[in-house]
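Naming follows writing order (A, B, C, D, E and F), and every chain is counted from residue 1.
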């Protein structure tokens, strides 16, 4: 029921994709930690043409009070797109898509954040999409995890996300906007890189039983590439003399 | 100012209506009590082509607290139509019509419910219209009253509702959707059958002074028919071996 | 970017404006204090074709509590237009324009109201525009200030408002609706007449440095005319035998 | 809470006693309407308008008349919408924000009384069948809430509609075009009058004041048309009515309505 | 709070113990779906409908079919919208008002399972290309919440769509016109089946009951099509899955889906 | 509350003392603007964009240009809409949800400064008179709130508009059609510059920091155009200004505006 039947050459005879990448190659990824003054932690990511900023506040008091939990802290996540972030201007009010993505990002981060240390408080993660491209939920999650670490929130693992997908009957890493429109399947994946657990998994499109297995493997390999870039961003911010 | 001028034969020379009924005959009515697992009390009604389910919760704590009353319990009623319940799909948000009907149903039930026994609490009545036909507010009220009794809420009387109306210059019982569209007046009536008090009364359409009196009498006669069916539903649920 | 290029003669050779006024002459102003029964204070104003009623409640408890301030009272203002107050029917929900005007009126009144005497309470000012004409925010503010005084709220000064503007390259007092549509600038001004402080100042349109100075002076002169009418209204209400 | 309740109980007793005596706190007989003033034409920018004072209740109502799209299945009729608002200056308990269920009921009862009486002949409000019709918006603002808003808003709406000077449109190429300098009278077929009655114990009072309103056991609004027929009903309140009470209320509504109707009809003269 | 937590912990232990024993509290095996009944056609006024009972969960779903404007860039396809609601009678914790994030996720997961499976051939739902297409609205109402609403709503939606009797429109001068007395079958290309699995410790259970739902470490919904391929996924919950668990879940979803599919396909007979 | 108040009072005293000394807490002179950086073109998917840093305040603004319907009475002009948002990452006190009155004022003041200066010649933004015009949407997102959002958003909006590469449309049969491969410069008539001043006691400071903002007695935003004329004003805050102060503020706004204007005009080069 989507629109997936154009004539663009998505994968040429040499295994090169429409934007020049190999099938196992992610787009350009740049992460910078500590970009905001008011947030307790923050990060800016460029992931392909995605441009996203994340800010973290907390642990802090919960309003309204009845949302708080006497046994543990709570995590709240807002994924929000700026009106100018997409080709057609988006209305500012949160769409159902943004609300769902906020929830899956929250559940992808939850196992990594040691909320049990901060009962009755909230940790708030706010993500603003300044420019959106394919894979914005993974990029947003990558920035959010770095911002949490930048804020000094205790974490039992990082969370790293990258999509895999199916393009021209081939499983490829990190599909871009054109591949998503014209391609056959898009599977965002997030892992906790040390434990190896998958904490986000979605799929649009059709995969055979075997493609499903290979798609998950490909996505996990991408997450590990992202993980290295996340660690480097935190090191630059916190352990290099050139820190801001 | 409504649209009331079609050519359909609403009443033939033998006093038979467009759906084959006599002027004092209600549509088919089926009530079943105790149809939901989570609600404290519930009922399902088919009244003509109306299909309605009602659920009751309480007495229970009131949120927000400032709505509660230290002297008595409060009754809250929500009458809500499913989008697919009417010919043109209805938007899910409650319309002004649904809010008004919720209020008149609440005020029709209030005199019967012994709320004074449960200060500071709320009794909640939720009605979902799965399929709507003429007379849905009366049918909803009939189901709500049975659901209250099924929940064991102390009541000083049952509440039974049925509309009367004017069709082809004749006062008839329980007008259906076609009669409502093409007819001259629709008067929903609810009574407490033991005390005889009228607790709901509305009117769309024009009646002479005398037609008004006869319309009320006709409606009350219909309420008494409904009352018997309500009692039977409660007996089947609570006092028959075949109870669910 | 506005629509300001009609052929109407806004100012004739004798310095007479399209509605017959001189350049320093305000429209007809009528104020009556004490027009409502339920409000603690109230006023009705006709200012040109503006027809506005203001009601004041308080000092009274603040709901929700977290809005209150332990050190001082708070002032809340609502400027609201009736749907029929303008040529094209206005939707009843408050527009962004109404919300902004409510804020600037509040900040124009704040310096005059001795809220520090009533910590933890609120003074509420509600203004309803029954008919709108050019300068409705000034007229609303004039009525609001009289209603505050009528309510007996302690004030360190009155607040009086009147617009000035630029029409046919001339600075004039109190521009009307036609002049606003076709004119070059509109500058609402409010002062505390005894202290001489300007507490409201806005501008739409372009003014030279010198026109800016003269526009403020003209507006202030208008405010002083209004002040006399405000005092008279309060005297009629509170100190005349003919009081209602 | 306790104090409020004691005062509440005290008020109920006082109101009930005076009603039982046949003479109300404000000196009225049980079937007597409060002082009623009707000022049509108070909002010249609206096509029709009226300020109504009914005792201490004050309502200002405006009517806007504009070309509108017809509803799909009634392309041969104009449209009619009636709203009500109780802005917060009307009473310390009134709140800004989305309308409460009480305000929604108020608007719908006033709307129904006018609509079901067929006061306006909607078939005369068509510019081009199925394409463009005339829409009549009637917006009621309660400026001061002194009780019985049903009747006050209904009177103000009816008077504002009667006072209407209706613009004339003709169909242009794509859209209706205003015919400058022309106007017409609204197509009035009947004049509905709403009469709201309250029951206190076994007594029925007409046009309850705010204080009485808070003590009612039940209320009934009956709208009658110029022929003295009944065209809308709304029962409300905590308790019910016996069939006999309903019959006697109808008598009262017809006779009180006949007394009020000329007061509203005078609004025609403001056109 | 303390009391709730103790009960909570107790329940978690009991559920985990019974899962570890391979036999659940209600007697089911770990990969066993609760009793499922599908009644298509229960809302005759809707073009398609179904009541689904899955254990103690009950959903009533209606499908409305209407002419619609196409989206600007897909003028050669019909439109599909799927909603879900948990009205307050479904559970004491359900609340009226705007949908919670959980309800939005529910609706979007059900929508995605149907949309991404290409169940309906949308290219056959065009009245006039780029001008008018057929819109299919599928509205799910959860009447009783007994857990695993994802599968219950998905089954009800699929059955309701399968049961559809689609009206026929042809393009009139300005607008589509209904062809009276005709109807057609919906253009069904495949039948998607959603299977929701929960992880409790190292064990995976199928179709969690409400009690189990409250004790899940993580959950995964896998939708498969008639060919046994995977067409939608949604992971949720507080924790994650290992890659091995994800592979084993896929096996389970395919085999359980194949058992459920004929139960839904029977809804075609209600047309 | 008590603690906050004591801190509050302490801060007020410190800020007032440093202002009285002629040298502010961050070392600036009273009429000195904070460090300003303007990066146009940061959002390539938008037709125009800019990131502005003004001290610790950061704003990212995008301009979208699309065909739009004209307003009924101005069919010979394009449309212009300017919004502002303070998303919750900008400050611990910022909240998601509908805009507060402060945010609405912010958006309207920025909008008015651009609109009333006639920065864009709207008569050049017409595709077909009365039928289709060009709409310019300017959306400001405050990423970091370091005070004086009026000027930061205004600078970002002006720079984003100046950086615009405008697509070209021609009128097709029914709807405007994009002319591929063409673009044009925006029709810029003047460059407005907003200068916000605060009063602390008898002193006027320019471009207040967040800490200063919380201690202002009153504030005034004056927007001037390229000719040095005044085109928009907004007074705010708890207290007023004397006429003399207003005159001196105008001098300051004109001279500071002249210093800032070239910094914004450089954004043209990003086209």
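A few comments on the model shown:
Basically, a contact is a pair of C-beta atoms (placed from the backbone, for glycine too) under 8 Å apart; a residue touches a chain by one contact, two chains touch by 3 or more.
As the structure is a computational prediction, the values presented were derived from the model and not from experiment.
Any chain that touches subunit B and also touches subunit F would be listed here, but there is none.
Taking the mean of C-alpha positions as each chain's centre, the chain lying farthest from the centre of subunit E is C. The equivalent interface to C-D, defined as the listed pair sharing over half of its contact pairs by residue number with it, is B-E out of B-E, A-E or B-D. If each chain is reduced to the centroid of its CA atoms, subunit A and subunit C end up 52 Å from each other. Mean C-alpha positions place subunit E and subunit F at a centre distance of 48 Å. Chain contacts: subunit A has no residue touching two or more partner chains. In subunit D, there is no position where the chain touches two or more neighbouring chains simultaneously. The touch graph of these protein chains is a ring, one cycle where each chain has exactly two neighbours. Chain order round the ring, anchored at subunit B and oriented towards subunit E, is B, E, A, F, C, D. By the touch criterion given at the top, residues 36-39, 42, 49, 51, 53-55, 57, 60, 78, 80, 82-89, 92, 94, 124, 126-128, 130-132 of subunit A touch subunit F in their complex. Residues 42-46, 49, 56, 58, 60-64, 66, 83, 85, 87-92, 96, 137, 139, 141, 143-146 of subunit D are the ones touching subunit C in the complex. Residues 1-2, 5, 73-74, 77, 80, 101-102, 104-105, 107-108, 112, 114-120, 122, 220, 225, 228-243, 246-247, 250-251, 254 of subunit F are the ones that touch subunit C when the two sit in their complex. Of all residues in subunit B, those touching subunit D in their complex are 1-3, 70-71, 96-97, 99-100, 102-104, 107, 110-111, 187, 191-192, 195-209, 212-213, 216-217, 220.
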